[in-house]
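Questions regarding the structure given below will be posed in turn.
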Amino acid sequence: QDKKVTIGVSIPAADHGWTAGVVYHAERTAKLLMEEHPGLNVIVKTSPDPASQANALQDLAIQGIDALVILPSDPDPLVNAIKEVKDKGTFVTLVDRAPSNNDNSVRDLYVAGNNPALGAVAGQYIKDNTPDAEVVVIRGLPIPIDQQRQDGFDKAIEGSNVKVLEKQFGNWNRDDAFKVMQDYLTKYPKIDVVWCQDDDMAVGVLQAIEQAKRTDIQYVIAGAGSKDMIKKVMDGDKLIPVDVLYPPAMVGTAMELTAAGFYDQVPVRGEYILDATLITKDNAESFYFPDSPF
Amino acid sequence: MPLLEAVGLSKSFGPVEVLKEVSLGVNPGEVHAIIGENGAGKSTLMKLLSGHLQPTRGEMRIGGETVALTGPVDAERRGIVLVHQEILLAPDLTVAQNVYLGRELRKGLTVDDRAMNAGARQAVRDLGADIDPQVVVGRLSIAQRQLVQIARVLLVPHHVVIFDEPTASLTPIETEALLKVIAAIRAKGVGVFYISHRLPEVKEIADKVSVLRDGRLVASHPASTLEPVDMARLMVGRDVAKLYPDRHAEATREAVLEVEDFSVPGFAQNASFTLRKGEILGFAGLVGAGRTELMEGIVGLRPGRGGLRVNGAAAHFPNVDASLKAGIAYLSEDRKGKGLLLAEELSINLTLASLHKFQRGLQIDRARERAALNKAIGEFDIRAGRKDMLAGQLSGGNQQKLLLAKMMMTDPGIIIIDEPTRGIDIGTKQQIYKFIAELAAEGRSIIVVSSEMQELIGICDRIVVMRAGHVVGEVSGEHMNENEIVVLATGVKSAEAA
Amino acid sequence: MTDIAATNEKVRKSWKDIDLRAVAPFVALALLLVLGAFANPNFLSIDNLLNVATRSAFIAIIAVGATFVIAAGGLDLSVGSMVAFVASLAILFMNSGAIADSSIMLATALGLTIAMGAACGLANGLITTAWRIEPFIATLGTMGIYRGLTTWLSQGGAITLREPEIQTLYRPAYFGSVLGVPVPIIAILVTAAIGAFVLHRTRYGRHVLAVGSNEDVARYSGIPVERVRTITYIIQGLCVAVACLLYIPRLGSTSATTGLMWELQAITAVVIGGTALRGGVGRIWGTVCGAFILEIVGNIMLLSNFISEYLIVAIQGAIIIIAMLVQRSLVRKS
Amino acid sequence: MTDIAATNEKVRKSWKDIDLRAVAPFVALALLLVLGAFANPNFLSIDNLLNVATRSAFIAIIAVGATFVIAAGGLDLSVGSMVAFVASLAILFMNSGAIADSSIMLATALGLTIAMGAACGLANGLITTAWRIEPFIATLGTMGIYRGLTTWLSQGGAITLREPEIQTLYRPAYFGSVLGVPVPIIAILVTAAIGAFVLHRTRYGRHVLAVGSNEDVARYSGIPVERVRTITYIIQGLCVAVACLLYIPRLGSTSATTGLMWELQAITAVVIGGTALRGGVGRIWGTVCGAFILEIVGNIMLLSNFISEYLIVAIQGAIIIIAMLVQRSLVRKS
């Protein structure tokens, strides 16, 4: 009775914690969906960079897919490849990372965390809680989503007394973040807040602070919602009072919505933007997945 | 009873036998010389005797007992050591480190560098040379490396020593010292195999002479019964009556290359000399006199400064390309390292310095290259089995001829040949001398740098002598004799020099 | 003349040897095709094979240049960053609107891309030859420089081709095909054919191999060693530029991560193709085959459904080693 | 005897030469320190310098091993992945709770780490020597294998040390200090001292240099070339293991990105330190100095205020080239 449908899922390879979470949730959802719909086949493929992701799209198309769920490693370079698939009549769901031209010619459905909001929520929190804070920023890799987060952050603190001392790239890598933080600590005798955008990097930042035995840092704001950081929020860690949610589980949401379009006869189209929720001690419990790798 | 004996030894590479049923041996206190043309199989035989190669047939006896050597290390353990024809040293290690490589002296956990330096210094000194044991081998001249290599081998406890052309790159002085060392080890009851293309030297040192031809032992005589001419005849299979070609020097000729106050920093200072049209000019000197470097400086291979006039016009060559364009070709003494691409075909080597002559449109004309090779093979009597063989597969003498042919492709008016006959058999030598004389007769001018005084005297019109980077004199006419050259080259009276 | 006979034997043997060495990568490729056919029935479809060949274009074309550099005894680690840098500059130029007419603009941009590739190559060449810095380190340095400049040009974001007219005009350069053969495949074949011609049939190519085989011999033969080496880097730069010309219409945008690790892939393609890293030998067609092999390995990984995606990198690594082993054992058996 | 005098003169000169080559990296380091002092007054503070030296420990220690491999004429591109793989296994073992007592557990884990490092090195060594695959390709292959296995072990995520007791016990291995000197710095010095001793004072070290200088000569001298080479890879593996021992207590976790690109950094440190990639020469202390230089360049970048964050990579690249130039010109002037 069940329709035969094949959904291809193309996501970045697990190159840091967040993408690892994406892979985890993609696989988990794929299994659940296939149990639910016996006619459904979900193929999940990971790729380390835009060029190979473009290749992966071709390879998925070769296998004959009815829908594509794609979380691009870098959206702009993949637009052509996505269009190629879409032009064959395949239903395209774009997850998280939007190209500069994000309209119906590229995708049918857009499910996203809100990158600018991730920056904005962090900026807002800092502005509200420590209005005169001197902040150091550790960015990710120099690619567009990082820029969007940074822009959101800058906009949020615009006109306030919050002062950004410096921004540097930590490449979403714990070791690099550790080094950058060590050097910040050397360079600035007083730092109030660290915004490091990503939970992986927070691990390095916290170690650097602990090693320097510095007490001037009031707190660190990271983002994404890894189980380790949410645990810290739950436990009331002074340095990690909050975390900004940017759930890797959104890929699962996108897959569920896409499948629903085939099986539930509900027209799914347009944009679903997930909020960049601020995780606090109060709501942390509901975002805690202890067996996720992230 | 012979210390080391070969009984019916044969060796094949693939289906081809390069050594056929050779039986010979060496007794305690005997110097047994092995002579033969390039490619006759001398080195192959010696490698069999020292465990570097395994025989295809036949056997070896040490002290009358049949043994199968498993490798060079095994041979060394049994007291059989080989001085290789090629220089086998690690260029980045020091003299002492090379001398003791593989059998370092130890003091507890560490190597005993102090003892090894002292030992190496003494070992080199025993050979009549003085080389700092702590200097890196890559910085030594070929002759110095050869001495280090000999020193290295002689430090192994030995009953039999095999020398494969040890004097090819030595000057008479060092040769003299080496021959003394050989006499000394002979006196201790050690057996010596000795290979050389320098027949007078063989006559001087050997007790017994064996001749290989095409892999076969063709004669074995007491040295006392053979004169160098007899040896040459046995080797080549015909009479080698006249080694040096006849030359009749013309009187006044114009200068084609004038060198004035030319210096190559660190090697040669204020050298001046003149080369005339159609002339063969020799350069003599001891090892390290700086002849090679002076020539390399002139053709633009090393930074040099000073006056240089080619055919009357002032010149300066920043690189070989420029000197070739001016009609000067330089043949390196290091033909394996700097002369030929050993892993490439003959034709590629032949045309490398003159490729522009083989262009047709954008392409290289392969057919013309092959034709040139055929011509060169005929003209220079290059003995190559196949036209498409690799340069490294030619025997040493034929490599030298190929190098000569290669540089002659550039049609130079001035040819500088460094050590033209190093390691080359007497028949081939005769040919090379003939080529040189013919080139001069064509009106080309030739500089021959050589450590073999006899050949300089035999083919040159004049000889310039260098010592420690300086031109110290020039001999010609009846002054062109060994005594005079040695006096100039060493700076001491001949009585002391000997 | 036993001597000659012996040498003959050797020569014949060594020739067989060389032939097999040249054939080995193609054998490895054939084995992979068989493996692929087992992994997925779609693998041998024309569509899939054309796809794979098409997308190997970037690495294959870059690797043709790398063959020159390596044959001359050099190495270029900067090619991946160079792609990012040159392509970024080209897109910025096309976005600048400096020329009103789209086709003239495109033509100028293409010319400029080629020129910039050559300039980047020249810079690499001069640093290694005139300043005498080991190629590994010199190009590691320029790898950082080109990548850093790209990040700076893009201000951390992406550089995207904006003009729709140019896009439409330019698109066929990657997606078009001539007589059913996709343009990138034609580009590979033409580049490789020119490369093979230059390396094996011209004077310059002979000089490249001589320099890589023995620098001293080359210098003593009057070959301008430094110039020959520098030009190999320029050729590498030109190949990178050609790859950029195909890259821009495909992805239409660059960022700081464009071309990451391509240098390792290009070098791997060259080595799998039978060119030794020590120089003196160059096999252009082997290199192209090596690039196909790399791409096919990735394709098989993706098409087969029994490999955990976490292990893909590990299996790719293993396959590279196995490909070299196949080659080795073939050559040894001969 | 003019002849002898002349030789002596020349020899003395060449010695000066060698000394300067060994000194050159330290001169470059000194210049950087001066530059750093201008960039930021905090740069020369003890704290900062200790920080920098401490965090250079990973690369410095790995590079000591790389010096052996390179001196013997090899290359190892897999070290970065090997760090990730070995450290991940070690953490997994510590998390397994196989041994109840924390200190025994820790001691066993340390021993196991060393053993695993040696095993990974042995694998590299055997692939290059027994299978005769070019080191570049062989270790590129194992680089993929080790990295892929790490990704698979971590299922793409992080592997984090769980036992708090072990953590407390282990922490001082990175964060502790002896007489004011941080443990990692001591580890660098001890590793380098042992490395220098082995390379320059023991028979094995001599053989390593001989093999790298001329393989045939080494073979004729009765040196077991293959074994010597294989052991250099094992030494490299041991050094990686030591780096892991310091790495684990620092962040207490690993992921698929641990040690990314460290191989290039280690090789750069070795070359900046004065060891040539062609083999035959090895300068352990130069290597350590090279690792410091790399780390200090990054540190100066961050501490100075006039460099756009986008350009850091570019300037790092430029500085590597300049460091090599300084070295070159020093050596040439002599």
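Note that the chains are named A, B, C and D in the order they appear, and that numbering of residues resets to 1 at the start of each chain.
What we mean here is this: a contact is a pair of C-beta atoms (placed from the backbone, for glycine too) under 8 Å apart; a residue touches a chain by one contact, two chains touch by 3 or more.
For each chain, UniProt lists the protein as follows: B = Sugar ABC transporter ATP-binding protein; C, D = ABC transporter permease.
As the structure is a computational prediction, the values presented were derived from the model and not from experiment.
Participant: Can you check how far apart chain C and chain D are, centre to centre, with Cα atoms defining each centre and the answer in Å?
Facilitator: 30
Participant: Averaging only over C-alpha atoms, locate the centres of chain B and chain D and give their separation in whole Å.
Facilitator: 44
Participant: Based only on mean CA positions, could you tell me how far chain A sits from chain C in angstrom?
Facilitator: 34
Participant: Express in whole angstrom the distance between the two chain centres, defined as the mean CA positions of chain A and chain B.
Facilitator: Spacing between the chain centres: roughly 72 Å.
Participant: Which chain C residues sit where two or more other chains touch them?
Facilitator: 151, 155-156, 310, 312-313 - these are the residues of chain C that touch more than one other chain.
Participant: Taking each residue of chain A in turn, which ones touch at least two of the other chains?
Facilitator: In chain A, residues 13-14, 23, 139, 142, 169 touch at least two other chains, as defined above.
Participant: What parts of chain B, by residue number, touch at least two of the other chains?
Facilitator: Not one residue of chain B touches more than one other chain, so the list is empty.
Participant: If each chain is a node and each touching pair an edge, is that a line, ring, star, complete or other?
Facilitator: other
Participant: Could you run through all the chain pairs that touch each other?
Facilitator: Result of the pairwise touch check is A-C, A-D, B-C, B-D, C-D.
Participant: Applying the document's contact rule, which stretches of chain B touch chain C when the two form their complex?
Facilitator: 13-18, 20, 39, 214-215, 301, 319-321, 323-324, 330, 332, 334, 337-344, 348, 352-353, 355-356, 358-359, 362-364, 383-386, 388-390, 393-395, 406, 410
Participant: Okay, in this complex, where on chain D does chain A touch?
Facilitator: Going through chain D, the ones touching chain A are 40, 42-43, 45, 47-48, 51, 55, 151, 154-158, 160, 175, 250-251, 253, 255-258, 260, 298-299, 302-303, 309-310, 312.
Participant: Under the touch definition given earlier, write down the residues of chain C that touch chain D in their complex.
Facilitator: Within the complex, chain C touches chain D at residues 127, 131-134, 136-138, 140-149, 151-152, 155-156, 264, 267-268, 271-272, 276-277, 308, 310-318, 320-321, 324-325, 328.
Participant: Touching chain B in the complex: which residues of chain C?
Facilitator: So the residues of chain C in touch with chain B come to 1-11, 13-15, 197, 201-203, 206-207, 209-210, 213-214, 216-224, 280.
Participant: Could you please specify the touching residues of chain B with respect to chain D in the complex?
Facilitator: By the definition above, chain B touches chain D via 52, 71-73, 76, 84, 88-93, 97, 101-104, 106, 109-111, 130-132, 134-136, 139, 266, 286, 288-289, 467-469, 490-491.
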